[in-house]
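Below is one structure, written out as structure tokens; the observations come after it.
Letters A, B and C mark the chains as written, and numbering starts fresh at 1 in each.
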Amino acid sequence: MKYIRTTISILLISMIVGFSLTAKGQAEKSSQSTHVEFWHSNSGLLGDAMNHLVREFNDTIGKENNIVVEAVYQGMAADVATKLRASLQSGRASTLPDLAQLDATGVMDVRDSSFMVSVEKLIDQDPSYSLAELQPGTVLSMTYKGEMIGMPFNASTILLYYNKDAFREAGLDPNKPPKTLDDLASYAQKLVKYSADGKKVEQYGYMGVPTSYELVSWIGQQNHLSYLTDFNNGHDGNPTHVLFDSEGTLANFLNKWRAVYNSGGLSNSTSDVRQQFIVQKTAMFSTSTSSLSTILDSVDGRFEVGVGYFPMVDEHATGGVNIGGGALFVFDNNNDPGKKATWEFLKYLVSPEVQLYWHQQTGYFPVANRTYELEEFTQHIEKNPLFKVAIDQLHDSNPEVQSVWWPNGYQVYYEIQNSIIEMLEKNKPTSEVVTYLSETINRFMDEYNRMNK
Amino acid sequence: MKKALSPSFKQLKNYLYLLPALALAYLFSYRPFVKTLLNSLSIVNFSGNIVEFVGLENFINLFKDRNFQISLINTFKFAVMFIPLDVAFCLFAALLVYRKRRLTAFNETLFMLPMAVAMSSAALVFKAIFNPTIGVINYVFRLSIQWFDDPKWAMLTVVLLGVWMAIGLDFLLLLGALRSVPQQLIESAQLEGAGSVATFFKIQLPLISPTLLFVISTRLRDSMLLGGPVMVMTSGGPQRSTQTLVYQMYVEGFVANNYSKGSAISVVVFALTFFLILFAFRFEKRGVFYQ
Amino acid sequence: MRKKNVYKTVVATLLGLVVLFPIYYAFVASFFSLRDFTSPIPLLFPPQFSFHNYVRALTESLLPRFMVNSFIVSFFASLVRMGVAVLAAFSVVFFRFRGRNFLFFVIIATMMLPGDALIIENYLTVSRMGLLDTYAGIMSVYLLAPVQLFMLRQGFKTIPLTYREVAAVDGCSDIRFLWSVVLPLSKSIVMTLWLHSFVTMWNLYLWPLLVTNKTHMRTVQVGITMLGYAESLDYGPTFAAVSLLIAPSLLIFLLLRKGIVAGITKGTIVG
């Protein structure tokens, strides 16, 4: 046949091309230096900052010690967790990275894994570093069964963002953001703006539906410290049941939240809330401190941005907010024996100067204690009072208010969100919502514990 | 040069040709099927291994689970909205165009174009078109529907996406069926004074019914398996209004790592599609024969 | 009567344009800048024809790599698919052996088991074989195409068995017979099925999504939803990518339209 030869040659060429292309995407591994693969979830401005830090490390400490760090953006925190899980499941250590940035939902997969190398162990091996260098709240947030397993890196708390111009228009003091949920309700009522014909809402007072992210603070802060589940919110072992029902903390919160909704100024929109704040469809919303620089950048002076403490549930809810964000986890993947190179990079990332730079570029707050004593830090804070608010909130919070490590994080997030929307829009009684959520989450924990006996 | 092959070797050689196909059938169809069934009847751990056998417990819990009931309802809701819309549009379009006129080829091509567009690309475009703030739909029709935030309307976007993607093929099939109706039948009916409506119902419809039924049953089966568009456009939201069986199966299996529950849902999906495939098969055979 | 025809054509054309709209929009939006997207009145025509978005899509993301991945997977998978089907169909038609019909039925019966319902177990199988994030892993579950096998068998059956007997007398081996007689005679059906396989593989979404985690292994249908522009309302590069993806398939479709239509109406390609 005429086309046998052509077919075969096409096949051969494709195979050659194919195989050479599979080689692409893997970093050049020189036999001399140790290669550290770092999976992270920082994009946009945060991504730029991360790339800068990696470059700087490679050019300085990296060069001196023959270490090359390769930072791979793997998508959002949930994506990094999914990819990590896939590697862990297949049991193939070589597919694991040396370092991965995970948030609370990703921790469940790794904390009991034999492939994880506890960061506290790495700290113990290095006499020049100790846990005392780190902000105590951040250490606790990453502690499992008494040991700090991940290195806090991009620590954030939740923050209230508001539009100062809108406050002025509504006759509110732009320097006095709402302190409690009751305040929030009355502020929202004053801030909501209707269109000329009164039919459409042009601007809401507050936008957003609480999910596990907000509840960790709104429940955790009640009575100065509360837990959502037993076992210290999962930090001492696998949780078996929720506590927010029997302790009444959820009901307390839901009632207050309902009052905010009844003020008429609350929108249950869940998509792109940050975007809607920027285009002034809402006067207030809450999100991570890490969004501060992005928001200021996007608003670009169109209106004056203000930030305030996350509103308290009531006067007894003095626990403040929990430390969220992410941490870095180390893995035993048959590379970098003793994880020495990885540890060097890790130490670098939490060093005082690097943490200052990271904070300035992103809005995450520094985890290194010594950063707060730096001259440049004090100057920076003076020039940027908005950043100071987040840090003050952190210092005023009870460090024991913990993030929660429970299974099915993704589904719980939506169960809470959907239940609250339903409660508000269908006017369901609080007790019914509490019962539903506690039953559902307890069931998830039951199934998880059964599956992983 | 003819080799004298021993009979047993020759016999073996015959089976060898079938070996790849058989191996693949075992590895990726039969074995996973049995394993899925077993998984659905047990508790499975994080690595996919069975921990203990629990019989029908997973299924009982599944049917009691409100989340699952929502998936089931949504899947059927999709079918009930998607199929009539798809059939009505394609039939209408085919009726307009089956007689060859001047612009027929052009019109035909327009209707067939969605065939050339893959699902994820189409979903991304639809996502932008239906965007409440910057999308064209709300602007052109002067609506302010929050397509992706309002549980009442989100399903419609998925249905419309489904219809758009199905048009290419279904239009073609119905067109072919209409064109194979002998012209004399129609002419003689019209000579006897039948209007176009009567002609349609009494002559065309019965004659295209095998193809029509084929289209309906195939699309019914596709509806049970709806997953991709949901994943790209709505992620099951808002408030689970677009969560379908396959989407929940994906979440349970790949996000929550609850393989027992995921397998149970797979079995339900399989049961639904099995009976629908059987149904479609009967009409496909007839359809092929018909040509 | 004439008037009615005109009406019909007009309505059909309008409907057709409605159907065309999403495709039109994809191309048009690929020229929008961020400002164009956030304009209060949605634009239907690009105010400028800058290729900025295309440049961004091609250089900032791994789009080219995604396309190469898709091409490699589609090409080799369709090749192997055809190979497996041809060998099996050939043996069932031209050989006589015990259990021939039974085994054939066993292979065909897999049509009843939709891949999507088995996806969890298939994923675990592939993961355990270490084939996650590999081309082989993506292709694995699609290497058997029972419908095509069935079609091929129908096609091969049209070749009289006497050809085989005559060839055998001349000392023709089975392989040679397959290669030199059967395949050339079945050229059209084989090419059609091959093309159909390629297109099917190219358009896959769910399975490649699950089986690949590393970004540089993503196929284009999956990768296009993950270009990393979700942070802002800047859809421009995404639409540029979509346009780059749609354009060739539209072109090929328009070129091969007649063939595709014939194939579908004859029943060779279904779905």
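In this text, contacts are C-beta pairs under 8 Å (C-beta built on N, C-alpha and C of every residue); 3 or more make two chains touch, one makes a residue touch a chain.
Note that the structure is a prediction, hence the values are computed from the model and not measured.
Participant: Of the pairs B-C and A-C, which shows more C-beta pairs in contact?
Facilitator: B-C
Participant: Report the chain whose mean Cα position is at the greatest distance from that of subunit C.
Facilitator: It is A.
Participant: Could you grab the centroid distance between subunit A and subunit C? Build each centroid from C-alpha atoms only and quote it in angstrom.
Facilitator: 39
Participant: Roughly how many whole angstrom separate the Cα centroids of subunit B and subunit C?
Facilitator: Roughly 16 Å, centre to centre.
Participant: Where does subunit C touch two or more other chains at once, residue-wise?
Facilitator: Residues 38, 127-128, 233 of subunit C touch two or more partner chains.
Participant: Please list all residues of subunit B that touch 2 or more other chains.
Facilitator: 48, 254
Participant: At least two partner chains per residue is the criterion; list those residues in subunit A.
Facilitator: Residues 82, 89 of subunit A each touch two or more of the other chains.
Participant: Which part of subunit C faces subunit A closely enough to touch in the complex?
Facilitator: These residues of subunit C touch subunit A: 38, 65, 68, 72, 75-76, 79, 127-128, 130, 132-133, 135, 179-180, 184, 213-217, 226, 228, 231-233.
Participant: Would you tell me which residues of subunit A are touching subunit B in their complex?
Facilitator: 82, 85, 89, 91, 200, 269-271, 407-408, 410-411, 414, 417-418, 421-422, 444, 447, 450-453
Participant: Any idea which subunit C residues touch subunit B in the complex?
Facilitator: Contact set of subunit C toward subunit B: 5, 8-9, 11-13, 15-17, 19-23, 25-26, 29, 37-39, 41-42, 44, 83-85, 87-88, 90-92, 95-98, 100, 103-104, 106-107, 110-125, 127-128, 140-141, 143-144, 146, 149, 171, 174, 202-203, 205-206, 209-210, 221-222, 224-225, 233, 235, 238-239, 242, 245-246, 249-250, 252-254, 257, 260-261, 264-267, 270-271.
Participant: Can you list the subunit B residues touching subunit C in their complex?
Facilitator: Its residues touching subunit C are 1-2, 11, 13-15, 17-18, 20-22, 24-25, 27-33, 35-36, 39, 48, 89, 92-93, 96-97, 99, 101-104, 106-107, 109-126, 128-129, 134-136, 139, 164, 167, 169, 172-173, 176, 218, 221, 225, 227-228, 231-232, 246, 249-250, 253-254, 259, 262-263, 266-267, 269-270, 273-274, 277-278, 281, 284, 287-288, 291.
Participant: Which residues of subunit B touch subunit A in the complex?
Facilitator: Residues 43-48, 51, 144, 146, 148-149, 237-240, 251, 254-258, 260-261 of subunit B touch subunit A in their complex.
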